[in-house]
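Shared between the two complexes below is chain A, which has chain B as its partner in the first and chain C in the second.
Let's turn to the complex of A and B:
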């Protein structure tokens, strides 16, 4: 499995795929948006730093939410290259002729593509948080609010990846997979705005929960009242739906998929 | 190494392009609060490089002071309640004060009410949308660093071929 993963990553990180992803990520995330005012009177240094991190990642997460289309485009492209294109060019057939388990082959491909997108956007977000104010670079890079940005990113990429994978393995065609998965994601996102499964809905919910609600100040310490139940309620629907799609793809690929 | 340099160069170039083509908000929201006699109010703002205009208004006969603090000064103030500042301005009733900010970043504004009355205070901040000199400088530094790494990579390759 390690070897397949290495090969997959080598394939995905070849010139100029990584460069394209980085440029798109920086273009979408690397710009100054509205940064909230921090009422800092009476805060402890720790709480003051927490608030700096909060407003910074609030802005960066907002940029991520606004750049969903780019994530859809990159996800459709990578998963098409990884699944459908390799079927078209008979590479999958060659690999299947080796003593490779289908389960390992599928998981390596999925995890490889997912990791490339997730890590690129994570590092771009962290890098930009350091870029916007050198004085607070260490504060922003170590802020716990980075986890909120990563949670939002994880859910978005997992959702897009699951949809792209299922379309890629059922269509078995490069053009159909790329255009189909991109438009399926785009249309679903645009039409189903109020459904909890829609990325526009769950991403905005995460942003509101973590960045705008439930904080009180007590003797200089800011206390964030975010309960596990609320977090689970926010992420449950997209996580469950993405996991179901992933398992359908996994079972189909490992048990019923025919390589012609 | 050449590839890493190229990626850094691309990052610098993309940020440079971003700040030249995308809109950057230059006005803070209005901040409104009650300010008791002989007390201070503290807010932290993200300020762009260049001229910053501070518009304020207070009801009644107001006299006060505005202090602009950088990171060290803000943290010192939070720890000790003593005000060390970069800039100081006298405030009266309502009006506008402007100052030149030399570096983009987070700055803390301390508003002190020196009059003997409790009052209602309101202010907003604006910066010019052309004030992106800091971002341009930093993105050019990143792009140049990328080119520098590419050149080192090329030289290394040539040196290893010669040897």
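Let's turn to the complex of A and C:
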């Protein structure tokens, strides 16, 4: 499993895939966020680190929600390369003819793609928040704002990855997988918002909870009014839906999948 | 016994691709022969647990191909039909990766690359390889770790005649020197004759017959003789056979005494040829008999 994972990461980090993801991530989180924060920011906010932090992270999280299309695009691309393209070009057939367990092969591919997308967007998001704060030393990865951003990103990427995987392994075709995944994610996301299944629905809720109603800044300290039950209720739907899709893909790939 | 297959049936939706395949393979070089669409590649994919059979059983080294495929794959090597290896990496990087999957000594990469004649190109990107070099690296990866059995699916289909001969020589050499057993799946029969001890004939999803080539020749199409003389009718009367296009075709070995008698009686003998049927002829005969 270690070797397959290393190989997968090596392939995904090969020029120009990682560079493309970073450019998209910076554009998505950075440029759009920066343009939006300037009017509401200004020098006066710099004296209140927590306030500026609140604005910064909320802006980044909000822009992750608004421009999630780019996450969907990148996820569709990577999972297509990893699953469907390899099937199309017979590479899966070659690798599966070696002593490789299907379970390890599937998990390595999924985790490899997931990690590349998640970590790239995480680092770009954190880097940008430091840039906006103007205080690089002040970035604290245990800060609730960062954790909320990471949780939102995790749910978004997990959701997109699960949908892209199931389409890639059922379609077994590069073009169909890429176009199908992207449009399925886009359409599903639009529909799911109304039935509380989408991660963007979650993000809207959590953003609302954290930054609008349920957290207040009192004498330089943030006071949270959100309860665990509320957090779990908000996370539950997208996480459950993504996990079910992942589980179906896993069972199908390891038990019934035929490499033709 | 290396491979044992019993009543293997495979449906692709409503199409019955395999209709009860049965055969066994012992040590040596075997050819799995049949026309396109006969079911050869499907059989191989079932042996490798790439697809599941609808019914039936398949064993390699006495182990179940579906349940014990991980253990089986440690002891076999495979070269698939139309294999496209990842183009943007070097041959060495690819062989090192698959070598690690097989948990072999990486020094073996140099040895196998040299044996198949690709050593000098190991540090070039695979996308720069010619079709012949691509097949050679495919053969090298299948031979890594000295497997007991190597399965080759249409291994020479992209090669020119010279490349085919060299490829088959390498196979013969490995069989002779290392005792590697091969199952070669192909529809190009002319070249197979030079390397195979035994064949498995498959058509329309069924095994028509299998065994040693000599035994099959004896069973389906014996050596025959073609005689041309000044009086072909007299020869037919004395020794039998059939007259076709100015030649007498004799299927019985013991005709020389009678033929000499004809010559003594004044018949001039122009030519006498021994004709050994080739694998293509044998294949046609087996198909004819089965129909």
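Of note:
Here is the rule we use: the second predicted complex is superposed on the first by the 219 of 260 C-alpha atoms of A that agree within 3 Å, B and C clash if a C-alpha of one lies under 4 Å from a C-alpha of the other, contacts with A are read in each partner's own complex, and residues count from 1 in each chain.
Basically, contacts are C-beta pairs under 8 Å (C-beta built on N, C-alpha and C of every residue); 3 or more make two chains touch, one makes a residue touch a chain.
All values derive from a computational prediction rather than experimental measurement.
With both structures placed on the common chain, the touch criterion links A:27 to chain B but leaves chain C unconnected. Touch criterion met: A:96 reaches chain C, while chain B stays clear of it.
Contacts of A:18 after superposition on the shared chain: chain B is touched, whereas chain C is not.
Residue contacts after overlaying the shared chain place A:7 against chain C, while chain B stays out of touching range. By the touch criterion stated above, A:252 is placed in contact with neither chain B nor chain C. Counted by residues of chain A touched, the larger count belongs to B, out of chain B and chain C. With both structures placed on the common chain, the touch criterion links A:188 to neither chain B nor chain C.
On the chain A side of its complex with chain B, the touching residues are 15, 18-19, 22-23, 26-27, 30-45, 48, 51-52, 55, 127, 131-136. The touching residues of chain A, counted against chain C in their complex, run 3-4, 7, 11, 14, 89-91, 93-101, 256, 258-260.
Residue ranges on chain B touching chain A, taken from their complex, read 3, 6-7, 10-11, 14-15, 17-19, 22, 24-25, 28-29, 31, 40-46, 48, 70-71, 74-75, 78-79, 104-106, 108, 135, 138. For chain C in complex with chain A, the residues that touch the partner chain are 45, 48-52, 70-71, 73-74, 78, 80, 82-86, 88, 97-98, 100-103, 141.
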